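Okay, so chain A shows up in both of these, paired with chain B first and chain C after.
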Partner chain A sequence: MILTRVLCVLLAVWSVYADPRIESEHFEEDLVIRPLKDGRTSARFSFTTTLENKSPRNPELLGEDDDSQHYTLFPLTLGQILREYAITELHLSLNAGKWNYDTWGMPDEPGVATGGELWAWIGDGAPTSVDRRWQGLRNALAGLFCASLGVMDEQRTTSPSRTFRPEGSLPDWGHAHHLRHAFLPSEHVCTENLTPFYKLLPCKSFSGIATLLNPHKLFDADWHGMSVHVLWKEDVGIQVRLTFQAVLDPVRNSWNNKRDWSLKSLFDRQIAQSCPVSSASQIRVSIPKDQPHLFTPQPSRVDGSYAVFDVSNTADVEMRWHEEASFENPATGKQEPVSALSVRRTLESVNKYRGSLKVAVTNNGGDDMQTTYLETLPWFVQLYLHTLRIECNGTRRGDLLRGATFTPPIPHSRPTLYQSTLTIPARSTVYMTLDVTKAFLRYTEHPPDAQRGWDLPPAVFVPIRTDGEGWDGVERVYTPILLVDLATPDFSMPYNVIIMSSTLITFIFGSIFNLLTRKFIVVKMEGDEKSGDGEEREAGRTGGKGGEL
Partner chain B sequence: MDVDLAFGGLVAARLLLAFAPLPEQFKFDHLLSSPLTSNLRLHEGVYLFKNGVDPYSGGIFYQSPLYLSVFSTLLPLNRVSSPVIWTLVDAVSAYALVQTWRARSGVGKSKRDALLAAFYLFNPYLFLPSLAFSTSSISNMLHLLSIMFAARGETSPALFCLAALVHVSLSSILLVLPVIMLILGQPKSGLADPKPISINFKKGRAIGLEFLGHFSVLTLTSTLVSGGFQWMRQTWFVELSLLDLTPNPGLWWYFFTEMFDHFRPFFLMAFSVHLLIYIAPVCIKFQYDPLYAAFILTGVLGTVKAYPTLSDPGLFLTMTSLFPEILPYLRYPVVTSLIHLHASLLLPLFNHLWLSQGTGNANFFYASTLVFGIGNGVALMDCVWAGLRIALGETKEGYDVIQQ
Partner chain C sequence: MSGDADDERIFLQSRKVRWSILAAYWAVILLALPLWWTTTSIQRLSLPTSRVEDLSREDLRFPVDITLNPSTGVDVNALSVKLRGLINARLGPDVRSWLNVNVHPNPVPGTDSYVLDFDAGSQDSTVKERNLTLAGDGSSPSKAANLLIDLLTPRHTAANQQKIAKYSPRYRLAFSLLNENAALGKSALGWDLNDALSRYLFPTLQSLQLLHNFTIESQVQFHAPLAFDPTHLNDSAHGLTHEDLTVFVNSAEWSLSSSASNDPVLHFVLFVPSIPHRPLYLLDSEGTPMKSNAFILPQWGGIVIHNFSPDMTSNLHMTPEHLEGIFSAFRLQLFTLLGVPELPKGVLCLDDALPSRWQMDSLLRQRSLENVASTTETLHSIIKLVNQIENMPVKEDVKGDIQNALDTLELTYKSSNSAKSALEYSARALTLSSRAFFNPGMLALLYFPPEHTYAIYAPLFAPVSLPLLAPVVREFIAWRKAKRAKQKVE
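What follows is the complex of A and B.
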């Protein structure tokens, strides 16, 4: 008996050591700096932790106790959430500001929707439903990042699987994976979100390029946002990528109107030491074409259009346009947009209960372009698809829109989901117009600042590659968010309304029943006397004779 | 068809009016169409239905699948067909009103016919919703047709129209009993000479069963058309649960906008059941004149139903023309007309001030719906009074009629 036990233990120990798929962890950090056309500078911090040869938790095993997880670099708090709800892929972004595609081009991180955006691919087959786990995930992340993600309830959750494809791979557990996606346009990112972000990094903000994450500078930027991406790649493992993106304006902060920058001037910090656990740590600076410039120090190498600096021997990076006396913003004049796609979206209100949604999509390229078009609107903005008008170059072109799928909203619960594929002819603009009506909410559904209006989530366009490379899905164009004002009831007098309406109904009800149930009699009117000696006649309920009593 | 030139002329005038260029705003007006009768939503429902999206899977379309099947196949809705369809619907309603009058008064063709038709076709409460192509015109047509067939003793058509009416507008269930009584009884005026009646319960049961038969066939057809039972939730249940709080000239919407969430189910139940309470007393009291009972219950619907538009009280007001004998006994017709005049000016004005101009708030419009509710309630009470008072005939000098 004892012998078999010992044998079992030995076998188990041996099997662990013999397993070729040993788990190991990797950490890499990367900072990309791109000088933009309007003199601003975009900076994207990226911190990637890889848990090699590990796969997400199988939702079928959610009922059982989880295997114990030991991480050295992988953020434990995030790992626990992912295991608890068996999340396969997760993307969270919290941004402030409007990404200006026309002058800034496509962002390094595609998720630049204003406010919060959370989407996750969740495997089915668990004892608890996907929606329940999505709810748990929202609440857990809300606690982790100090953001109000908990309000991304079923009133905001959609499943736009045509627009948000998984970026990694989905394990085949014999059950389907479902997408849950929610926008929270009114959410703002601030320091309280950055602090938990530091805590997920192995070196916190003490060393490596994370030193540069100076909240005073980052939240002073023209655009800033942070995001968390968790995905599983079959041949790599689970990857957590934490990113911070900001568009800083060196021209605004310079005394002589120059766009020269250094890490010190941008972030008011320098890298004192590199992060010891990082296996790769580099700063990449995009090299502007046809503009004389100088780097100090010299880049360690040049990789394509990027100058690469190794953090281990670089404290500061400086870039100067030495031949430029002062920066002239070319974007102030008429200027070709940098991005292939320009989108404008407005909601024109005729009055407080109806309006029209207008979307103008411009293809700046010389070839026809196909994009998916995603519109998610809260239930209180109702789209009327039969009123959709598509115009291009002054003619009606209904044929440009294909493959529309529509999930109608459910009042007080589900949002509208509209997805379609739009073809935009070369160098032209497609105008779409849709009638909308705005619903009337219960007085308890209005926020405390009801007159401010409601933020509507952005529309999303995903260009489809037609050059045979198939789905890309990484380039997404978010429109700016909209503000819609809804008719408000009076908030001060619910009691009065209840009392007055009830009184009127009772008055009608009472009077009619009074008439129906009481006997009609004829009385003699003699001055003020109402004596019984008068002539009385009665019309009874069922055939009063009308005779004299 | 025994209609005269005057009737044709009236319909032609209405047709011209229907083709007149009307502001776009008409289709969105809260007084003319509710979410349950809106033409915009009907278009959207038909569009979704044709494009393979279940219109009942969300909160866009709250109308019967029968409308979907009719308007997506037989009668396509467009710029030309809609005015024609809605004018014809109103013409049929006016014709039904005239025929009901003939059955009630026992006279054939008379000069009063044109007057009755004009009363229907040119009642602003009725023709404005019709110009907005609200489906309340269609339910009004079914309403009047079922009464007409019942008055003429044509049992099956009456029951079919009644079943269709209840199917498209659930609260019209109030009319089932009086219409069955009308089929069993006679349409002649019995108000001045109330007599207890004997009801042939055996026949009544057969009629009731036939009604249920028609109703189940319509329900089954709707289920087949829409491919599921979801439509019941999106049509009947919406009327009971008031999911859509779009303003209307009725009394429910603001009450439930301002209602505390934990009392909502209770008051929804109270408001719905409250409507049903009217059936029995009205039908018992006016058993000798079931047409009058149907008329009073129409008034109840126009005053306190869930999603009324102007066309519901409008139908009640127009139906008063069927009962000229009560007119001398109305207690305060002038007051009622003035309240109606007042309310019909206030309603659009305050709706505009609140929702378009932004200079008034919701209470303005709520106040005008209360005034309108008082106007309808007073008209209803007056009609009940007059219908009972007429039995006592003229009083001598120095005598008065009171209630004990």
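What follows is the complex of A and C.
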């Protein structure tokens, strides 16, 4: 009797211990479709899972056993990685293509750097160092997403905390949080990355908006990319947001050169069943201004400049420009850029040793603009800051650049990190020129396969709002990536070098050795007064032969 | 001869100088040889081969003391002698090598022995802690001996033996609620796993903590399609044949694997079939549905298929009451996967938490024996491998791990009177030996054989050695000629 009572008490204690707070999870999905100026259509899928009243793992407790992880909607495989390495905030994006800011405007998801980009805010104070956990995180994510993120080693990792501010809150554990950031410009996103991506969704690609994630259509798009964002908001909890963004071209795929689209024509799929656990599923379509258009079906409501469709009773959405016979691309003529900032960046070089980095930033707006400027270059492209020239409207304007911080590279280990604040006068272009030298890599630092060159990561500009709103880190402008051609040795060379130098050493050694050991003999010629005997002549000849060896 | 004599007078031409130059070169080469040898040879520390041999010949022997309860009124002295004789006669020689059973008429102080009692009034034999109360009055020692042997050395069937997961000090228990297709409705959108775990599983895990630590995790999936179509039975039911069960886990679509930890995982899957596949039964070899809807995948985990009642109208959140039957199935599957032996037929357990002390003790002994066997096997393999492959480096860390494994193995033998510490030591020895076996440093030079080095340096060695050898030969011939000439003169 007593035993049963004790057991009951124990059970009660256990259940309280195992569930300290009631946690709830919810899931929302959202698809934003924007017709673009050049007839293309941008689609942004966003899947948000929120784990309420839960905070990231305190790194100080990494040495101890972790709480059990029980999730209903939150992806367990991602949760395990986050807790194993005590990551507070994480952003991963894998993109293919070049985002055209001038005609497409700012993207719905700011992380559009070509290739891979991974950054994380990691709390200090753990038994293992931040860098070890960053390494573990990279490798775990590489395994999870089938991407070669593992190569984002210390040669690519920087900490540009002025450009990449935390997007959520950072818990106060009494230790600082550190940023780790790395670009992987040569990485490409493909089906093998998408499959693990939608396995993290509660409804995978079987129901709800995720049904539309059809790899055949998405990877045919002019631009496509996926991203994973994990952040903690103090009053909400842990949020995982998975997004997929694509720029599709309905004009290219239409028979009559029209930009009309439907979900069926864009993705070759329709939403057959809605996701049973989604608390909000909607498709939002941006309504173009001053262009007659028709929606089928009628949107359930209009929210600002968006027509909103509820997925639970909509299988397909169609949009037609019914007064337009065929689409004509206005971008072929002179056209004002849509975005406030246009950036061009080139690397010019006449030889394999030196070159110059040229960056041209144009402010398309009518007001002066301030942006941060981030440049992270691998160590083998060395910047020379004293050669920096800034020109605007034909005059040298060194005063436009302020607050520069520079972390010089360490050969074979650390990349360059250069951050500064740039002021761009209204309606003008600022030209920056920097001299660079290109290093000669070690034999083993070249990849084993034939290659096209080395991809340099993009530069990042973050406009600083001066209208009182202060920092707005969410709007970022990435420049296209660059390709640098380094001096490439002939890889059969080591063997040639060994043979050449062996021959040389042998030659020198042989001659010196022979000189030292040769026996010189005075050979007396016939007719001399004292003629030598035959034996001596014989010895002299052998000596001579020996010398030739 | 006079010319030679002339040359000898010039210092540079003297035979002595020439010989000493030659000797100097050869001395440098000969002296450099050992240096070259040590810098290019692979570090191969000698392994304690004889100690491994000695230790693997030793046996881990568990002493087991059984005390008769003196209050029974039977002649305990006679009974104890009889029981000891019977037990030792009936234990096979292979069992007797690791089990040493002693029956004492009176309690031996200082040992936690098993106590045997008789209860004439009872129908069933019962175990409680380390006590065994036999039904009957103790007049048939043969029956008692058989029961004791069954309790002390329970035998797994071959099929069950295959299901047991390899020993690990820590397991992850992954509970997954998989809905085949929740979008069709009438599915389980969540479960009160924490409540169910604390009610039905934590007491068991608590007692199993003698052997393993557990990390528990859980997830719910709403779309977990099968990779095959279940067999259609009449009356709208579906069935899974034995062949279907082998491919039941659809690892391409069910994201059950994880990349964060190396601990072995035992999966417990609650599968809810979609409406068109309901009800889903397991079929026996004749194709008729079986009563049980749970099955084990050996060393992987357990699966329970749950068919909701047909009059269910909407989606459901599973409460601990729903989960009670499912979790008792999970618990039995956990016992099988961890190798917990069953109690012999006709023996009841009076303890609150299963498994009983008797089962735990025999499991501890079993696992220790397994660990010791696989440790010695691993150590043997390392030694065999190192002897076989001459390019395999053996560094300090490998040698240290092997030595530590041997030390721990010795400690295991010494602590055999406490099954718990024997298990701890044996597990540690196993970890050390497998760490030594998988040491990445042992593979370092395997793929760069010395032939390649010689091939690359041949262009240097061959031309250099010729001028070195030629003068030696030449001088030797000259010296012999001179000697002969001298003899001729004499």
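Following the convention adopted for this analysis, the second predicted complex is superposed on the first by the 471 of 549 C-alpha atoms of A that agree within 3 Å, B and C clash if a C-alpha of one lies under 4 Å from a C-alpha of the other, contacts with A are read in each partner's own complex, and residues count from 1 in each chain.
We take it that contacts are C-beta pairs under 8 Å (C-beta built on N, C-alpha and C of every residue); 3 or more make two chains touch, one makes a residue touch a chain.
If you're wondering where the values come from, they're calculated on a predicted model, not measured in any experiment.
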Should A:522 be classified as contacting the first partner (chain B), the second (chain C), both, or neither? both
Name the contact category of A:70: first (chain B only), second (chain C only), both, or neither. second
For A:444, is the partner it touches chain B (first), chain C (second), both, or none of the two (neither)? first
For A:513, decide between first (touching chain B), second (touching chain C), both and neither. both
Between chain B and chain C, whom does A:202 touch in the aligned arrangement: first, second, both, or neither? second
Of the two partner chains, chain B (first) and chain C (second), which one does A:125 touch, if any: first, second, both, or neither? neither
Quick one: classify A:80 as touching chain B (first), chain C (second), both or neither. second
Could you say whether A:499 touches chain B, chain C, both of them, or neither, answering first, second, both or neither? second
Under the stated touch criterion, which partner chain does A:274 make contact with: chain B (first), chain C (second), both, or neither? second
Touching chain B in one complex and chain C in the other: list those residues of chain A. 498, 502, 505, 509, 513-514, 516-517, 519-522, 524, 539, 542, 546
If you look only at chain B, which of its residues touch chain A in the complex? 25, 28, 30, 40, 43-44, 46-48, 51, 53, 55, 57-60, 194-196, 243-247, 251, 253-261, 271, 274, 277-278, 281-282, 284-285, 287-288, 300, 303-304, 354-356, 358, 361-363, 366, 370, 373-374, 377, 380-381, 384-385, 388-389, 391-393, 395, 398-404
Using the touch definition from the top, list the residues of chain C that touch chain A in their complex. 3-4, 6-7, 12-13, 18, 21-22, 25, 181-185, 187, 189-190, 193-195, 197-199, 202-203, 213, 215-223, 225, 253, 255, 257-261, 315, 352, 456-457, 459-460, 463-464, 466-468, 470-471, 474-475, 478
Chain B-facing residues of chain A, complex: 350-354, 379, 382, 384-386, 404, 406-412, 414, 416, 435, 437, 439-444, 487-490, 493-494, 497-498, 500-502, 504-505, 507-509, 511-526, 534-535, 537, 539-544, 546
Spell out the residues on chain A that touch chain C in their complex, using ranges where they run on. 3-4, 7, 10-11, 14-15, 18-19, 65-66, 68-73, 75-77, 80-81, 83-84, 140, 143-144, 196, 199-200, 202-204, 206-207, 273-277, 495, 498-499, 502-503, 505-506, 509-510, 513-514, 516-517, 519-522, 524, 532-533, 536, 539, 542, 546, 549
